[in-house]
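Below you will find the structure I want to go over with you.
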Amino acid sequence: MSGAVGFLVFFLTYAVVYGILALGLNIQWGFTGLVNFGVAGFFAVGAYIAAFMTGTPSPYHLGGFGLPFPVGLLIAMGVSGIFALILGFPVIRLREDYLAIVTIGFAEIVRLIIVTEKNITKGPYGMGVIKPYKDLVPASYYSLLYLGIALLVLAILYVAMERAVRSPWGRALRTLREDERVAIAFGKNVNSFKLQVLVLGSMIFGLAGAVFGHFFNFITPNHFLPMETFLVWVMVMAGGSGNNIGVLLGALAVRGLWEGMMFLSDVLPRGIQIGAIRLAVIGLLLVLVVMVKPEGILGEKKTASDILGE
Amino acid sequence: MLEVIGLQKSFGGIRAVNGCTFEVERNTITGLIGPNGAGKTTVFNLISGFFSPDGGKIVLSGSRIDQLPAHRVPHLRLARTFQITRELSKMTVIDNLMVAPLDQMGETLFNSWFRIPSVKRQERKIREKALQVLEFLEIPDLKDEYASNLSGGQKKLLEFGRTMMTDPEIILLDEPGAGVNPTLMKKLNGYIERLRTDEGVTFFLIEHDMDLVMKLCDPIIVMNEGKVLAQGTAREIQENRKVLDAYLGG
Amino acid sequence: MQLIVNGILMGAIISIGAVGLTLVSRILHFFYFGYAAMLVYGAYLTMTLFNDVGLPLLPSVLISLPLLSLLAILIDKITFKNLRERGTGPFGMMVVGIGLELFLRSSVRLLWGSDVMRYDLPIRRAIVFPFNVRITPNQLVIISAAFALMILLHVFLDQTKIGKAMRATADNIDLARVRGIDTERVITWTWVIASISAGFAGFFLALDTRLVPIMGWKLLLPLFAAVILGGVGNPYGALAGGMIIGISQEVSAGFITPTYKPAVAFVIMTITLLIKPSGLFGRGGQG
């Protein structure tokens, strides 16, 4: 494949990974109003768990257990879900701003553990992740195959999420987002709903991590900085909280902006760091979304449930 | 039907409710009045489980409810409205109603993915019920309107309708008349009377509009400084010296 | 013993920073992540004045503080004032604060570069105290200056009119408004105090270690832990909370891998939130 096509495939695969993350955050924040600033933490858990599960045995890190790729994805989701359950069980009742600080702290601790426990994760040196199904196609077409796999995962997830929220369950989530006291006054167990959503969304972050690891084939703690969390937040808030298509478009647009800024390095004077510019732009976007368009580009669908086939 | 015995609740050293005892009889429209700060809304929040009492008992249809988590209380067939309407603004009117019924099978993730016939059947019933409620309240045309687009009075009706969705035996209304024009108020009175006579619903309501209370409620409970000051028919309350003093003395 | 001394040093830095953060959190009613960037700006502005302009160290710090205050007030006027008038909730404010933190931190990288820097001071040998406790002269300066600053802050909050108004507002915003306190003016002063607090904390931290753009973000978790432990809005609680967090972090290094220090702050903070969200010294609890 030529350079330009290769780059496009790379860009799209990356966008798919963030699309998965955005769908996960949308179920938490967009539909339920649950604040999670620990996206990067669950993302990391998923990536490392999948790497352990599918990798070849190594004395330098945990595993690998040589399991098939789909099994790795499922276990990555499962372990992320368990992390969410352990974290969420005590803290889910906290007010949203406290929850924000606790979840951001959680993600930082996950990263600290990855950096510190070198025997398990190879620490800051990073660890390799296998390319699944790499014998199916010639090496030069592999990235295209993997884009297909990633897209398939995203498509299945999208259908599952749409079906989940267009239901009485989704209607209850919207209720507790709009007004928790009303939800309680009508018998909804608010903490249970929140915990379900925390776990479900975090499993999706874990899935995204696994898809990311097998795409990048190399993961280090630096792939999971707090900035990743806010990148996903920008995607969801700008794209339109509560609209799954909106957040996918948000993911594509923000990813495009991110990659696009790379070309700035040709224009800007030497010594200007592209990384700093990127971070500044993301920061500015967060400020602007809240100040100018808090509801995002696309609004949410009017009717809560489609269970009766409307 | 609803018994409150020696209820206590303090906030930061201030006794909002201080040994409050009364009973709401089945199939009555019982009014709760009193000067500002008498503790009326706190009593409502204690009954509906939003606050847990520091002391005393609350018994509903024979079972104690004062230690229940707030989301369990509605299961004893108690529904309430709020002093300032709490409509779900970014949801349609019909969704505002359809979310209210308890024990919806569709409210699990599993059932939202695998929509077995019984889930759909229940959902269809809930929808029919919601349409009936809108019909009863004479606002069927508003069903697909966002709740945020309703007028103040329509929001009051919606809140009232939401309580009807749960087939309650007792409804707690926190100032149903506040901000409602006289025409609508008359209608609301009619709905309350009809629900009481036709469905046997008990009403317990806080209200500041004395004309309304005197006309609608029997008996009336008067609270002052966290305690019950008097209880009786409209006439008895109007003639009660202590009540007059409480209102005039502030 | 050495660990406890390190803890007191770290505690002093956290305490000084936490005072400003607790007042901002309470009076502006949200948790301001951009506070981390204020710390960093304080440290870097001082560095420019000292290393490049060539002023002595103390005037460098003292000049950087009004600059920092102006920057903070300017940012407030552009962003938060608007949001306050529109009635945006604490969460929206918090997101804007995070955006500002990312933006400001990047601007530090663009203005000063990402390389590790330090103040051009001669490196002096540590003084050895009994029990083989080693303290560098810089650290002695930090600890004594921090305690002097705490006393000054106390005098300000306890004796001046605006200080009292600030504490009253932190206690109960609605009541303060009813009593005719001009809350916008209190907010402006809160930014001034926050700048002094953040500026000194950033300077102390940079003096003890070195300057990197990420230093503020790394201190943010312990700072929030101190604020929550002390009770949001309680400046004295923040001082005590800062000491407790600082000492626990450093002493923990005696038992567990030192990289886990921030985890200690996290655990203390989370336990506080679960058991007593109003903090050890009460009063706060409403962000």
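So that you can tell them apart, the chains are marked A, B and C in the order they are listed, and the count of residues begins at 1 in each.
Simple rule for what comes next: a contact is a pair of C-beta atoms (placed from the backbone, for glycine too) under 8 Å apart; a residue touches a chain by one contact, two chains touch by 3 or more.
Note that this is a predicted model, so its numbers are computed, not measured.
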Next item on the list: Could you draw the chains as nodes, link the ones that touch, and say if you get a line, ring, star, complete or other?
Entry: line
Checklist line | Middle chain, criterion being Cα centroid separation | finding: A
Check: CA centre of subunit B versus CA centre of subunit C: separation in Å?
Finding: 47
Checklist line | Between subunit B and subunit A, distance of the C-alpha-averaged centres to the nearest whole Å | finding: 42
Check: So, what's the distance in Å between the C-alpha centres of subunit C and subunit A?
Finding: 31
Checklist line | Touching two or more other chains - residue numbers and ranges from subunit C | finding: none
Item checked: Sites on subunit C touched by subunit A in the complex -> 30-31, 79, 82-83, 88, 90-92, 94-96, 98-107, 109-110, 114, 217, 221, 224, 228, 257, 259-260, 262-263, 266, 269-270, 273-274, 277, 287
Margin query: For the complex, give me every residue of subunit A touching subunit B.
Written below: 160, 163-172, 174-175, 178-179, 181-190, 196, 200, 300, 302-305, 307-308
Item checked: subunit B to subunit A touching residues, read off their complex -> 48-50, 69-75, 79-80, 82, 86, 88-92, 95, 98-109, 111-113, 115, 119-120, 123-124, 127, 144, 146, 162, 166
Item checked: subunit A residues touching subunit C - in the complex, by the definition given at the top -> 35, 90-91, 94-98, 100-102, 104-106, 108-109, 112, 115-116, 226-227, 230, 233, 237, 272-273, 275-280, 282-291, 294
